[in-house]
């Protein structure tokens, strides 16, 4: 036991001192670097205490963020609809989530009589836990701003967010209502279908990143010098649509829409249980946005501020400030995507269920697969000649293939100019017999045919049912 | 919740068996536009049979029509199609004027036309808002209500009420138009085209909207006529029947306007027809304002209205369809029989014919496209 | 210009005003003789091949004829009639020629034509009106009934308002029924008459033979009575349905009597 003779020693706080002593005992490196102390105990610091602090911070922030996302959605939708949204509770209605939270907590806890109690109670918990566990591997910022930097981070995210589907089905079953069950089954079928699309769409980007670790992917974008959205536009599009379908957001929100007959898996839930489902939905939104930002939009990097340099203006040199700035950049990018989520919800009508499933299986999945194949072809062609490639647009740096300047142009060019048209042609071919395909042209064609028919008929004789009066 | 009773053999079987399911879209439902109960028989998601249970809003207006004097009955007509109150009044008031053979002054007729066409625009805007909201585009509802608000403000200043506005009296109007009426209506007409274009941009070529409305609820022209469908729903099927042109009433013969006709008889056509009708209404109002004559607004009508013995049927083109009044008079001050020909009630019959074969999610779109108001369905 | 209609709704060139005293609506037993004014055509003439008659303006058809020296008849107790027989109309003549006696009356009032037919030929007439090339009444605008309790043996009158879309022409067909007599249904001709007949059944109690699904439409299934009959009172009253379905409880506002046990619910 060492006595700390440091500036933390107070007069009036022996207990305080001993707590702080213990904390310093187990503090991680970077905190100690602030105080210039040596680190005594690695295990406790690195694996128990520091992650606990990180978890608490992240949970606190994310849950508050979820509550305020609801507020933001109301405000954004209000402004889009020429009105103001919540304005009464607090300045500009900023305390509205607080009021909503209190209200939900105080509501009567209704459990339907014939419902399966255990299942009914567990379902929202499963949903929320599955949605929140994923937050552990999301790279919120540089350096220490990730809770767990697992080297299969992306796979972990996809796998664990699938567990949320279980929560849905349990909710539908536990409610003991035919309609809740049907709604739950539809929701879960939709989520599972679009998860496949999500998984396939990011494989193209993974070919460049060569790793499943989330920070590794960001690193890959830094080393390759380009955000993957530019070399994988199709992947980004497919991912965006699949994310909408995965999180049951408009235009794919039929299973939970108000005007739908089967009111959805969370009909019988009230009060805080319902709030848990809501939290799970918004956390899923945050997570899918985070994955999109990480894989396609460069994560916490922003040229000139964090991660990479912009025309010589380097990233911030002070590591702590750099990390905090990276958190801010990441948050800003996520908010931009979430704003897009909300924008889509309040602009577009809803797809019918069969149209929704058709979109997932006949448009997203073939597009994702084609994207993988074509990206693979361009990648192999661009490998250095020494390794068997044709164009040699990449070079090996630290045992990692990095595209050259020409390589970047090549990848961007092929992605936009060749991949997209080929895939579009393929999708059109697959879907050309679908009734809903290109309705606009169908109608114009029909109108034209009809006009021709009418003219022919009018030449023969006037149709009685068409004309009346003037 | 209506469920068929099934023998419990095996939990699995009763829950997932392949028999038809009976689904009840109850009287309280966000998309049934009022208290309408629709009982669907489903095979999976396809509708095999549909039955409407109505009467929740039945108030016995026809019975009241036998016990009140002619002038006292007029406000009841506002409450039929409460969304388009002003035009219902026109039907009844003109019917009585027909029986009395009263000639309404020209100025009153023109102002009646202006108010009725404004009400038509308001009704179609509300229809568009609720229909789009049912299909999922919620924002359109709020935009439509923004425009409707302007019209209701004009009504409030003229008539005194926004929703169940009782403007017409037997013989003309009670008040003349207030001085700023014309300017306000013209201002409104100036902003209307831009707004309508907004809606069309949002919806007309929107892939999702097309997928939800094209080919849904196709009703061929002959069947539509046979089902006694009237109004924009009938015109969407290609039948050129509009009471304003077929039997012009009020001052409509003086105006130059077109009647939009649909082609295929599906939901998208009915949507296009109603959007075009909004524009045509604006055209009519413009012409009426330009040609508004001076003069009295009320004809000389006796204090106690006693039409001669006889009967009359008079109908007008309400926004929902052809609304008519069939009055049988026995020479006293109260009608012997007042029959309301309700367009929504008769249009609702077609729901069954249109929805069989479609999916459950389309039933909501079809109820919206028929544009029913339960006040009129149930009277 | 008829601006005031107090004294004489100056109609009827009718020589015989309708003689019914306490009864409403003329077209009952005595067809009124028409004035020299031609028959009425339906309002604005459409592009139809109609015979000649001068198209009357909407508000005052028969008044426009200071015709043939007929003096306006002295008002009867009810006032002169506005109803008179149809002559010279091609379609009505055709109908008369085909159905003969079954058409008991064909009158026009205020420009609207009404035919009264016997029940036995009702469906045949409707088929004729629907299918015939000159008639082409393809839309049934409305189907309703009127209750005349004063007339013994003919209490109910079922009225169909027909409309021809191609010819832009309206017609009204009436059938008289005794109390308890059933009326043949026309649902197989005009599908739109389905709900209209159901409503007539609901409100008047007239049974329609051949209707595919005759049950109450606006009122609950087990409602007793038929509201639009003249003997049904307009005021509210308790009946079998309200006793069964509406649960009234008298609540005394003395608070000591309020004893709702919330704890009884789990």
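Per-chain residue numbering starts at 1, and chain names A, B and C are given in the order in which the chains are listed.
Simple rule for what comes next: contacts are C-beta pairs under 8 Å (C-beta built on N, C-alpha and C of every residue); 3 or more make two chains touch, one makes a residue touch a chain.
All values reported here derive from a predicted model rather than from experimental measurement.
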Problem - Chain whose average C-alpha position is farthest from chain B's own - result: A
Completion exercise
argmin over chains of |mean CA - global mean CA| returns B
Problem - Chain pair, most C-beta pairs within the contact cut-off - result: B-C
Problem - Cα-centroid distance, chain B relative to chain C, in whole angstrom - result: 23
Handout entry: Geometric centre distance via CA averages, chain B-chain A, whole Å
Key = 44
Handout entry: Separation of chain A from chain C, taking each centre as the mean of its C-alpha atoms, in whole Å
Key = 65
Completion exercise
Where chain C touches two or more other chains simultaneously, the residues are 44, 46, 138, 165, 168
Problem - Junction residues of chain B - those touching two or more other chains - result: 222, 225, 239, 241, 246-247
Handout entry: Shared interface positions of chain A, touching two or more other chains
Key = 465, 467-470
Practice task
Enumerate the contact residues on chain B facing chain A in the complex.
Solution key: 1, 3, 15, 21, 23, 25, 30-31, 45, 132-139, 142-143, 146, 202-203, 205-212, 214-215, 221-222, 225, 238-242, 245-247, 263-264, 268, 359-364
Completion exercise
Residue set of chain C touching chain B in the complex reads 1-6, 9, 11, 18, 23-26, 42-44, 46, 58-60, 63, 78-83, 109-110, 112, 114, 138-142, 144, 146-147, 159, 161, 165, 168, 170, 172, 190-196, 199, 203, 216-220, 227-228, 230, 232, 234
Fill in the blank from the handout: So, in the complex, the side of chain A touching chain B is made of residues 77, 80-83, 177-179, 181, 250-251, 253-254, 257-262, 346-355, 435-436, 439-440, 442-443, 446-447, 450, 465-470
Handout entry: Contact set on chain B toward chain C in their complex
Key = 54-55, 58, 60, 62-64, 66-67, 97-103, 222-223, 225-229, 239, 241, 246-249, 253, 299-302, 307-313, 315, 322, 324, 326, 328-331, 336-337, 339, 341, 345-346, 348-349, 353, 378-379
